[in-house]
């Protein structure tokens, strides 16, 4: 599973020097249960189940601040995205169902975002 | 052509007369119009100086010896655009002395190959009149004609440049280089073959080699005092192709020794009595160099650093060869 | 006189090849040269092969002996003298004459065993030149391209749709006897017409009337220091193309090749035009290209006749005229010494 | 024909267990040139060497082959042995039948066959060996030190003390380097100026030292023992023989807008300036870029106020050529440009400073006269955040991959000094790792934590921004407690990476000294020759070789000095005899060889040659055998094979190929 | 001693190693007892830039089935720039051999440092495997050098 994540992300998590800059940068840090800086070592340690269950996957904004700042080219957002992909693949592509949409709709939500969400969370 | 020939003779006379030069290097007329011989002329002998569509030979190499012997005054040399590249390359390698040479650049629209005329079945040629587009050929079997473009020298069909890169003055009308074919097309075609096909091709061609050394001796880049193949001390000396290995060794090493220095003047193929397309070896190196190390034209600029005596830190690894297709 | 239809040439060749190896001009990779005939090989009737026919008797490289070391002992093994029975078809009159010139070098004492064996085992079939070209000047050296009988075993003519066949020596007769099945008898009418036609063309050849009066065995003093050599040799590149295509050049070098399998002693063609020709410990005795150039022509036109009853070592084949990269050749040499007068 | 002896070593069982040494001896006996062959248990032992010596004498051997361990191990040994027996040491070849044979193969038959082939190759080579004589070259007993920082000064003083004249070339107007900008030094906290300025004065006054300040190396030619160096003394437009350093001109100069480099541009200086009060030489320099006179032709106030009449607007650059036996490179370092790290607001907010800027702020001679003040409003700060590893240890395009080594210690120093002087200031240090190896270093850091209550936070700062109250917000993470840290602070100090000075590339090229991907000069051997460049006669001192602190720099500077002294103490240098040599009769002077020579060892001469009786003047390559290191690049560039390498000639290598492929 | 007494064909591989890195790397492979085929025979040269294409052709002429050149990693050359020239030269030579239809896998360049004993052995094992699979070199040898089976 770890290999899968490494393959999908194209990232070598062993490059991480555990400086924490990703977490220091992350705008969604407080919302997360597993913080960006933990991702690399958890992938290395094979604690994938915890990651798969983590809220963080859905809290990460993919703003790429961590990717931008990471001095070691570990780029946690890509790791998180890879874990997210794994979850989606496991669920058979039904994280987001059309039934969920009405309650999520609000007047300011752009159509684009909806389309993007479907593209991303349904396979 | 006749006009240019007239201009050339006139300028040679003038420059000899006003003392600008003491000697003229040009072409001397032969028995038939196509058999001109490179020759040095002075005031007395200048009459036999000619210029025709068969002046394909590159005169620049003769300057090596001539510059050494020239003690006073300059040598006038007539160089076609492709020859000027060789001239520059010789300057780069300190083989000739720019101060001793007066270069008259002669514009060129491609030189002719008597072999190609004969290959058309035109036999017994005694005279050829170049009308610009077509040729009138007198033979002992009557008059014949053919298109000029059919019988250009191989090197002229793939002319790399009509630019004179070095000269003191220019004669003739500048020709366009529009009809020239891609000079790397044949190389690319060979590259596209399978290894076995290429092997068969070269085996067929190189096995014709008789080691007459004409390719080497005519080559302006082959200006060694003593070639490794003639030097019994070198450990690789050989005089004949007693085994097929020797023909490969000779041609690989010759191409390698001129790699990055070869201006692609095409003389090697022109003079080969067996018609081996030797230029395809040199062009392969030129193509590789252009692709791997950036475009480089030997002789374009005097003093430039040849690619094989140069490098960059991020040059391609030799493994690029192994990664190529067509095995 | 016999004939065979041109269309049936391959029958003739297979017949000849039944008991002997047949060599004839073949076009390969754009160049015509003598090659071994096998079923399917196509005869090429080009006027001239690039290399002359001399290779057949005097190949460019030839192994002479092998040395082998065992411990510190050395063992010498002579190479086998060739015993292949051969037929050479399609030889032009000029090349046929060159064999005679080579014979006087290799078959006079000390006799060259390899050359002699090849020569004795071969039958030479000449073919008249139906379309001589501007570089031909064999007439100057007494060759008749219309009827190359001299120095030949069988003479052939291509005329109309037939190949005419006439044996002119014992060897030729013997061969004819062997293959008579495929030949038909004929009169000489068409051949005579062909001979006349060729003779007419020969008159038009621009180089065919040169005079050799300036040359000969007694002309060393007159020619050696002649001023013409400077100009003539000026552009010479020092390559060996003239030598290697020449049917009469016969110089060779003997070399040793030290391979993993012992040492091979072999000979290979050499050229007096090469800067390392006859290189000796002290250097070369002809250090300039002028000297080397002069040597080649003095040898052909002066030294050779001096030692061979006035026979010139040139047959006027014109190969050097066609092949010299800078268009310098023996015809120009002859002319510059007044040969065109 | 050579008379060759072959000596096959058993190396105890190391070789003999896998290689049938008797069979090897038998097999090589019939090789050309071999007239003696023997095996022995330990060839390198005294008895083994005696065996070789006896054989050389008894059999009149002209060359020997030792089949043994790697030549890297005992080639020198056996060469000496041969020399003792009267044989030229270069007539010895080693066939490596241990590392390259017995140790890697298990099958005895296979290993024995290979050993025989390796021996044959060595025999084939010896057959073509010729005695070689090591050359000699004289040594110029003078050293050049490039860079006048602490590294250069220390090297220069040590060399000068040993009695050799030394010239220091310093590109800025004063010696002292980066250390002069420092306030205090760790771990003793003594003031940098107090320990540095005496050294500067010592160098200036030392009879064996010549200072070339405001000067640069223009050109280096020559080779170890014989360098020819051209030095450019840039025009100061002040006659240094007249200037008394009174500094009146510097005070009166009306062009005051430009930054003061010495104070990291935190304040300004005049166009005519003396970098700092203790500058050596204490001479003013006119900055023509800023000088009104040079820009408009007007002004000239400095000239008017100078009582010594030292101002000379007409002064020209001066060139000095000097010969040296050895060169010490001590070009030091500079601070990484941190403007690319926009998350820390360095370019936007004056209260975000680098550590070197903080040094100046803390220094009594600095822009705030030593009072710790915020640069934005000149107020006393209450909180300071230090961020470590800015630009170090990363692998992205804006980072350096290495650890800058000194930051952990100077940050601890800064934290401690601030807490000592201003106990009211809270100090936070964001770190990834604290690296403090060194004598009293970790104790020093612990003191900062334990005694001075410096708040060390394991984690990085993600971003810094300005709050409405003008203070700075710092968002970081504490990896130990796995929580987000939000701090409000008055100042942020960035421990910026250090990198080699920009000019070093140019100097390395001139010296043909190699540099690594980070532009640090490469040492000849990372462990055994750490202060020597691979280029003979060039030595490395200080940070130009790699990040170091002051004590390390000084000890390395001393080591470099010893190497220089060791070199200058010799009257003659023995040169490697395996050098390239051109065959004059074959050289055509095409320059290919010179273009590939990494040492500039090839030159051309017009020379008359006698080519078998033909005399003519030709352009010929000549090799300076003292410069040539014997790489052989030229031999392949030469198409005619005129250039060959002694000891590794074309014939010799081809003979080896032949022997192997037999 | 006759070489290759047994009939099983084994390739002949010539390795040119620079003195400073690759030769030392080979030494380290030996010291570490990392085996590679005995068919590999090493020739020491001062630097990879000393390797003349003629040496490589010579080896093939003499019956080598594969030729490998090892030098310091680019940037680590003892002579600072030698291997950069070698790199270009070998690229060109290999390209020409390939162009002439000679199996390009028979030639190789590897950069092996003095510390890479492991790599040296791995490279030699791999190269020997490649050459064994390719079989005997028939395209570029001199027939006169073929060993006679007597």
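Observations on the model:
Going by the order they are written in, the chains are A, B, C, D and E; count residues from 1 in each one.
Rule of thumb we're sticking to: contacts are C-beta pairs under 8 Å (C-beta built on N, C-alpha and C of every residue); 3 or more make two chains touch, one makes a residue touch a chain.
The shown structure was predicted, so the numbers you read here are calculated from the model rather than taken from an experiment.
For the remaining chains, with chain A not counted, a single touching-connected piece is obtained. Between the contact lists of chain B and chain C, the overlap consists of D, E. Ranked by how far their CA centres sit from the centre of chain C, the chains are topped by A.
A summary of chain positions shows that the Cα centroid lying nearest the centre of all protein Cα atoms is that of chain E.
C-beta contact counts were set side by side for C-E and D-E; D-E has more.
Centre-to-centre separation of chain C and chain D, using mean CA positions: 71 Å.
Mean C-alpha position of chain A lies 65 Å from that of chain B. Put simply, the C-alpha centre of chain B and that of chain D have 49 angstrom between them.
Chain A and chain C have CA centres that are 86 Å apart. Contact of a single residue of chain B with at least two other chains is seen at positions 226, 228, 235-236, 242, 308-310. Counting partner chains per residue, chain D has residues 596, 637, 650, 654, 658, 661-662 touching two or more of them. The residues of chain E that reach two or more other chains are 53-54, 58, 62-63, 75, 81, 85, 89, 142, 144-145, listed in rising order.
Chains touching one another form the pairs A-D, B-C, B-D, B-E, C-D, C-E, D-E. On the chain B side of its complex with chain C, the touching residues are 30-32, 34-40, 45, 57, 62, 118, 123-126, 139-141, 204-205, 208, 210-214, 216-218, 226, 230, 232, 239-242, 267, 270-271, 273-275.
Taken in their complex, chain D has these residues touching chain A: 343, 389, 393-396, 399, 430, 432, 458-463, 475-479, 482, 484-485.
Against chain E, in their complex, chain C makes its touches with residues 257, 259-261, 264.
By the touch criterion given at the top, residues 30, 612-614, 658, 661-662 of chain D touch chain C in their complex. Residue ranges on chain C touching chain B, taken from their complex, read 28-31, 33, 47, 50-51, 60-61, 63, 131-134, 201, 204-207, 231, 234-235, 237-241, 243-245, 253, 255, 257, 264, 266, 268-271, 274-276, 279, 321, 323, 325-329, 331-332, 335.
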